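First chain written, first letter: the chains are A, B and C, and each begins at residue 1.
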Amino acid sequence: MTALLEIRDLHASVGDKPILKGISLTINPGEVHAIMGPNGSGKSTMSYVLAGRDGYEVTGGDILMNGVSMLEMEPDERARAGMFLAFQYPVELPGVGGMSFLRAAVNARHIEAGEDEVDQLGFVKLVRGKARDLGIDDAMLKRAVNVGFSGGEKKRYEILQMALLEPTMAVLDETDSGLDVDALRIVSEGVNLLRDPGRSMLVITHYQRLLDHIVPDYVHILAGGKIRKSGSKELALEVEESGYAGIDDAA
Amino acid sequence: MAATTETIEQVKEATGTYKYGFVTDIESDKAPKGLNEDIVRFISARKEEPEWMLEWRLKAYRRWLTMESPDWAKLDIPPIDYQDSYYYSAPKTVKKLDSLDEVDPELLATYEKLGIPLNEQKRLANVAVDAVFDSVSVATTFREELSKAGVIFCPISEAIRDYPELVQRYMGLVVPVGDNYFAALNSAVFTDGSFVYIPKGVRCPMELSTYFRINEQNTGQFERTLIIAEDEAYVSYLEGCTAPQRDENQLHAAVVELVAMTDAEIKYSTVQNWYPGDENGKGGIYNFVTKRGVCRGDRAKISWTQVETGSAITWKYPSCVLRGKDSVGEFYSVALTNNHQQADTGTKMIHIGEGSRSTIISKGISAGLSQNCYRGLVHMQPTAENARNFTQCDSLLIGDKCGAHTVPYIVSRNPSAKIEHEATTSRISEDQMFYCLQRGIGEEDAVSLIVNGFCKEVMKELPMEFVVEAQKLIGISLEGSVG
Amino acid sequence: MPASMTLPDLASATANSGVRSSALANWQATGWPGPRVESWRFTKLALLEGKTFAPAHDFADQPAGAGMDAAESIGAHVLRFVNGVVDPSDIENAPEGVNISALAADEDAMSHLRQMVPPAHPVSDLSLAVMSAGIIIDIKGRVDMPLMLSFEGDGATTSAHPVVFVRLFEGSYLQLAEWHASTAGLSAPLTGIDIAAGARLEQVKVQTDGQATTHLAATGVTLGAGASIDGFSLSTGGRLARLETHVCFAGEGADCNLSAIYMGRGEQHQDITTYMDHAVPNCTSNQIIRGVLDDRSRGVYQGRVHVAPDAQKTDGQQMARALLLSRKAEVDAKPELEIYADDVVCAHGATVGELDATQLFYLTSRGIPKDVARAMLIEAFLIDTIETISNETLAAILRPVAQAWMAEQETL
């Protein structure tokens, strides 16, 4: 079986500063992996490097999706190839209507696949259906992307996009940050509904509590730009009890 | 956005970058090159104008001779040789037409290509069109339906003959012949344009629209539009402009005058897509236009909406004189410049009436090597008791070789009047680009999406029928500005 | 306006050579700006027309003015100018780190100073040519004692042309106050402030010239890498006053705060004109301008922020607000952004209006007399501007001037 995502000895820098210092990770189809780590361990850098953001320079190693290297691919090419990043801080797009944004993203995939563009009316219905499950009302869909949304609304909107774009590899960057208990439950349920044998997820988080809701198959501890420890979901509980302190020193 | 990609591709395939750059091969009747009193007489004679009109033109011409081209705008205008241009060019086969059947098929095909079907079967739903080809109006649709409502919509040359009392009363009232250099020139040599009269209490039953097309080489276009809305009348009017791709620059110096009486409302929208020149700055239209409306009656309202993507150089300040009590002026503008384009555009809001209100929303987008300047005046006269103005000017820069400038002039002579002005300049944030890219949207589409979002407040003021076209136009005009 | 219509007494200047002679030639060719010069569109100098002034050239002592009192209150070393002529005794015994020398003898310095304001500037040309006093003040290291430039004088036909060039050497620090309280016909100070890398200037200017005086000030500021200036002007005097400042960012990482309050009553005309020339990347400029205008007075604010190509990461902010207190008062504003670089954060805002009627009602409903309530609201309108002054010593000399203006307001 080809791994869905394979990260091979990945080194990456921001500016001149090395952040990721040799990360290797294999994610098979349908698996949910969690990456935990203290602040500054390189968690967000990892999500940006996977998505191909400018300014995050890969200085060594490789990232393969379905056996194909993504390093030369632009962020939009990676996205159309099935990579999805749920942002820690979703970006506001003033004046850009939610529906036209979502349609543009979906159509970009259709065009690349040589398919017809989505039918406008059918699309609206589809979005509304998925939005309802996430507690997103029509009024919110009509607003400009993320503009004036609360923290919880922004996160739900990210999951809505994930549901519509149907990625094979979803990276969730600190999806729990800024959420209260109820919002966390709604978002997690949304994510769990999208668990699928053909879809893998990488859940990046600082706290264990998210993993009570989105239960991972594997847990990795990231510190100082390296994976220090890997294990089953119990590893998360261990960290919860003893903190990151011991792990940090393990290097 | 996919639609934009598609349009861009189609356009590229069809004609290169500028969609409307083709030339129509049609025989024309031209005045000799150059400008003098005889040319003015020639134009007036061709138009079979009454004596008073010729006198008016000659007065304007003599005034023009004493004036100088304005130099205060942030524009680099090469010297213009006014003797090296034709001031009258008319398609030969066009006479007074009673039906479209008599229109030269070449012409009909031209307008089809421009996306403006004049053909009875294909006309735009509920939009009456006056098509002006070089110097003359070639067709006006829906005239019968309009006249049933008492609305007059005809070429201005016809109005001069058929409604002399209205034309004499209003022409030059809002923009006097000596108002500025280009207005004086227009007053002397204007050849056609549209005339609209909405009688008291009438709400014009459809959108009115004029499409201007410059076809001939070395031809200036000088059209003149006059719109009068009597008490409680309403009209929404849209103009669109295109010209062939030519290496030399062509001058377009139009004058538009609006008069709104008590409780009347005029909504004037422009989608300006004159040929902007090529990516090296060769060719393109000089768009030097004077547009002004006066709210003469109480509660009258004039609203200007413009989407400006074309022309090599734009010099244009659609303005409102708010004379009536509680009258309202609005200016919504998107000005997009790319490559070597230059634009100096904005508005003037002259508050005279008590309780008059104005809103200015200006969105400037500069890309390539272009220069884009907002220039606007808000003037509160001593009589403007409790008047209000709100202005928001935002500039967006795409690339580091272009310029964005904001030059507001604020004059207040009444303490109870309130003025608020805000302006910002920024570029598309890297965060926004990355967010769109991560969702799989390509770079050019992402820029077009973000820019259209930036312009949203203005776009929503356009008549429904033209919003999609304007959005596509922005996408096309931005082409080549990224990467 | 031809130069010949004013200031016929240029005889003394014709003997000069070099920079001053070229400045004179320039002035004679251009004179005062005519009605069509864009940068003078809101401020016309018609009232100077036909007036004849005679520049003073010798120091004539006078009783000490308000600037001297202010200097004493903050323990400043004073350089005193009477009708634009500096008191020679003040040149000596300058505090440690301050060196004062004659400008007229230094062609290079004059040439440099002249380039700090736009070419063919009427004030720069005229005052350099006539130059009733010309001094260079060099600052090295940290100077803790504030320096006060006090300008006094009288005589309806007298004109004052003091030229001061302040040079802060690398890493130096100075607190500079400027006080104008002259009743001379024309006061035309030219000031150059050259702040070298890492140096800092904290500066205030008080302009309380007489009600018949025309005050035309031109100031050029150059900021080296990492240099900073915190400047504040308060202008309440003069029949016509224009405070024009040109700031050039010559080194990266420089920071400029330049704020001003102008207050007008009677027939006064108050003009604040600024030009921020962001020539290099990574600099910030911030301007807060407040105007209060009563009677038939007129206020003008023109401010341009220019960002050159490649001056990326510029942060340029302007906020101008004006209050009209009378039906006959007028305010004109032209905040301007001229931007040729894309990675910038630039914004400006401008508002014009009157005192908030609801706030006024609220105060009077609590038993506060209307005129007191008005004064309170005007002060509130101005106060946050004065609060931005980082140097409390210098701020302390401004507050009484603003308060005195408002006290007069109450008794009117």
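In this text, a contact is a pair of C-beta atoms (placed from the backbone, for glycine too) under 8 Å apart; a residue touches a chain by one contact, two chains touch by 3 or more.
Just so it is clear, the model here is predicted, and its values are computed rather than measured.
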item	value
Closest chain to global C-alpha mean, per-chain Cα centroids	B
Distance-maximising chain from chain C - centres being C-alpha averages	A
For chain A paired with chain C, centre-to-centre distance based on mean C-alpha positions, whole Å	56
Between chain B and chain C, centroid-to-centroid distance (C-alpha), Å	44
CA centroid of chain A to CA centroid of chain B, Å	48
Contacting residues of chain C [partner chain B, same complex]	38, 309-310, 312, 322, 324-354
Chain A partner contacts - residues on chain B that touch it in the complex	1-3, 5, 429-432, 434-443, 445-446, 449-450, 452-457
Of all residues in chain B, those that touch chain C in their complex	72, 74, 380, 382, 395, 397-427
For the chain A and chain B complex, residues of the former touching the latter	51, 53-55, 74-76, 78-80, 83-85, 87, 90-97, 100-101, 103-105, 107-111, 117, 144, 161, 165
